[in-house]
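See the structures that follow.
One chain, chain A, links the two complexes that follow: it is found with chain B in the first and with chain C in the second.
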Partner chain A sequence: MNQLSRGMDISDPIYQKALKDLLFQLADDELCIGHRDSEWLGLAPDIEEDVAFSSIAQDEVGHATFYYERLAEIGEQDSDTLAFGRGSHERRNACLTERENGDWAYSIVRHFFYDTFDALRLEALAKSSYPPLAEGVAKIQREERYHLLHMHLWFVRLCLAGGEARKRMETAIWKVWPDISGLFSWGAWEEELLQRQVIHTSSLVLQQQWEERIRPVFAEAGIEWIEAMPEPVKKGRLGDHFPELNHLLGELSSVYALDPAARW
Partner chain B sequence: MNREEKETRFIERIKAGMKIEATDWMPDTYRKLLLKLIHMHGISEIMGALPEKEWVPKAPTLKRKLAIMAKVQDEMGHGQLLLRVAEDLAEPFGRTREDLVADVIHGRVKFHNVFHMEAPTWADAGVIGWLVDGAAIINQAALLHTSYGPYARVLKRICAEESFHMQHGESIILALAGGTDAQRKMLQDSLNRWWESLLFFFGPMEVTESAQQMIDYGIRTKTNEELRQQFFSKYVPRIRSLGLTIPDPNLSYNETTKRWSWTLPDWEKFRKIVRDNQGPKSQERLNLRRFAHEEQAWVREAMIRSRLKGSVVV
Partner chain C sequence: MAISDPELMKALQEVKDPEIPTISIVELGIVTVAERREKLAYVELTPTFVGCPALDMIRSEVENRLSKVDGVEKVSVQYVMSPPWTSDRITSEGRKKLIEFGIAPPISQSEEQWIQAPPCPYCGGEEGDVHNLFGPTACRAIFYCRRCKEPFEGMKPV
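On to the complex of A and B.
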């Protein structure tokens, strides 16, 4: 394949910087959400869902591994060092993914909103000028489709159930809402990424697409749409995070940090 | 056919190596023994997810993280398969899945001693996979020829998965055994911690009345001590080949009798742990199960309600 014809020039230092930043966003998002998902192991509301949620967690960490490996390929350190050895200011995940699980309602709302965003992001990457990314995305999309179906089902049914479930879902939606806009940012290099066709959708359009997909689900679930979407308090894509990320990283790397040079 | 004739025919079928199925007639004693065994087995799988679950968020590489997640997921999956088998057996007693799961929280069903114990280091994640699952495979493989068909079929799948777990544990162990001094010490400490629990895991030396009944009914085919001996023969050489010391100076193999002699741990201490849920982690883990089951009952109730409403088409 003629890579240059698709606008890719990995020797261009700006292309490389922007691409790396994007790969970190993707990898860190998936690692954080997968880590949070895995905290439900053994604790989900029923045993069937425990098994299902773990499959999703494994998929997410698998995707993170894919993105970290692409970073290693273009001159960054090995995937384990990238996953376990970086501080919170170096992390590019959206803050939503680092938040603690809360109750089942919070976990479902967060995941459904994130998966809807992730599906749109993957579409924006499907024709990326960076072939390894476009190829990986095609495979990841197949898995994410099932996550989205699963979360959609949970979201609607818990909302429609009324009673305590409905109350908890409403509370969770309000709690998740201020963290949503932070998802759509492409970080510090959006313009460069667009110009070089690494991505094909701006953050503004991404947000509009997300709203278009979520609105009908709110209607289906009998939830009133929330008009205002506040700016994020912390800009995760720029390395600014809540203390929850520090706790997450502390736990994630607690064994690794005993001896980062050792073989584990 | 009167009851006695039925029972005679039932025993004849078992002796002929035929499998009993869920819908077949069976004596109440058989049903109760099976239910007790499979219920405890299923609940132990679910409680068994908890010690290792502690290490899922802390696994030190991406590969290990993925592997341990898949491993703990398998344990939950085994719990689900076994509870499905137990549910059918429990049906004539009017007991449901909800009851079977709630029983552990209320102390009405026991779970294996090993899952009451602490797992304070990464090496414990390895030892659980390698030796606890290794012991479980020996136990479960001996049950593969059980007279109850549904249990035998589920065990077949469980044993296949457990052998992956054993390899997963062994891989963690090999990395530690071949690692730094600190890693080797971590591993030795963990072996010291688990050894007695592993011996107790196989159960008492004597063949109890219910164990004999289970043998008569073809539910099990081997005694506890036979299985423990098998464990020694398989694992003692492997443990020693890694340069580890087994914390029992009396452990030795007698070439003439072809048997291992070993030091009996404080049996009463372990019995209490299982019977009264008084192990170092029993209450903490029961609290986690209570959280999962009781505090999230609202989720299961909501899913039943929204299904009844029929408003969602999948």
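On to the complex of A and C.
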């Protein structure tokens, strides 16, 4: 493929290992959050949100498929097997994305924080030395903009609404907070990814950028900033997950598991 | 855009968007390459949205239609991300057909501003509100026309 020759050398085993690990992070994050979004179907507070969350779920799962297909292209199994057939210890998603939906406030807070992170991560990948990734990212950025607009709106409105809405939002923010730092990790190969310019932003800078974007929204929403950001309890990017991921994968793969060889 | 084979493009004009049957995939702007490589018809398509569930259907319709073109023995359809589809790729004919179907074509938006409502496809009213950034398909949003008091769908500007 002439596309590949423009980037770094994919035959370099370290480049390939690091790239694959990164693609798994991207794909697994999007698959988990997309599946959680789909769980709101029929249960969201109003019909507009049923539509919105279903549409967002479709986008996120579509992005996951895109990343899994790039993995298949460089020697991994086909996208369905990668999505449905891997155990939880093989998953590289940040633990935040596997958490159960909780109430509406939790889902909004989690998604807004995740989307803000995802926008920054996509910026860090936009000039990736791996052209198929950079090209997909250019497209995905245009779609993700809508998710962020939507979640930002809900986040601020619910916080400013006062009463039960605000109380639930405050509770949700505290509940989400310990899982945030796990997002910024680039996994076991950060050095190699940076050296080879697959990514252009370190995890440390990514976290600073995230705080710079979220702080003004806290101010807008009248929420006091939480200074301390604890280290993650479990490192999802290294394959260490909460039992919630096993439940999610069981549900997600229930049809696939009936007959993994079936053609649909 | 690469130089496309006029006969193949004419045939692709008959392949319609599965969700919006008035508009062809050419008018939608998703065909980036359609060329002959001896007896092979080679087509590159760029999806409107990465997760669009109609991609496989469009692929098989393209294969079916092009295999009927004289001199074509094999059809190869590739989805590519570059150049990325943007709503500016919809042709002026395509924009007319969207309105005929009751879907507002996208209007250009500034990055800093919130999404603006396009003119209503029924009455042309420009005093619309965003009702939902998300609609029945990934590429559509729902708006509300304050002039004719009708909700309407519009293609999302991306």
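Basically, the second predicted complex is superposed on the first by the 257 of 264 C-alpha atoms of A that agree within 3 Å, B and C clash if a C-alpha of one lies under 4 Å from a C-alpha of the other, contacts with A are read in each partner's own complex, and residues count from 1 in each chain.
What we mean here is this: a contact is a pair of C-beta atoms (placed from the backbone, for glycine too) under 8 Å apart; a residue touches a chain by one contact, two chains touch by 3 or more.
All values reported here derive from a predicted model rather than from experimental measurement.
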Contacts of A:L194 with chain B and chain C, given as first, second, both or neither: neither
Which superposed partner A:A126 touches (first chain B, second chain C, both, neither): neither
Residue contacts with chain A in the superposition, chain B compared against chain C: B
Partner chain in contact with A:V51 - chain B first, chain C second, else both or neither: both
Partner chain(s) touched by A:L238 [first = chain B, second = chain C, both, neither]: neither
First (chain B), second (chain C), both or neither touched by A:E135: second
First, second, both or neither for A:H63, with chain B first and chain C second: second
Which of chain B and chain C A:H150 touches, first, second, both or neither: second
Overlap of chain C and chain B interfaces on chain A (superposed complexes): 48, 51, 54-55, 58, 61-62, 65
Residues of chain A defined as touching chain B within the complex: 35, 38-39, 41-48, 50-51, 54-55, 57-58, 61-62, 64-65, 68, 79-80, 83-84, 104, 153, 156-158, 160-165, 168, 251-256, 258-259, 262-264
Chain C partner contacts - residues on chain A that touch it in the complex: 48, 51-52, 54-56, 58-63, 65-66, 132, 135-136, 138-140, 142-143, 145-146, 149-150
For the chain B and chain A complex, residues of the former touching the latter: 46, 49-50, 53, 55-62, 64-66, 69-70, 72-73, 76-77, 79-80, 83, 101, 122, 172, 175-176, 178-180, 182-183, 288, 291-292, 296-303, 305-307, 309, 311-312, 314
Of chain C, residues touching chain A in the complex: 47, 49-53, 80-82, 84-86, 114-115, 131-138, 142, 156, 158
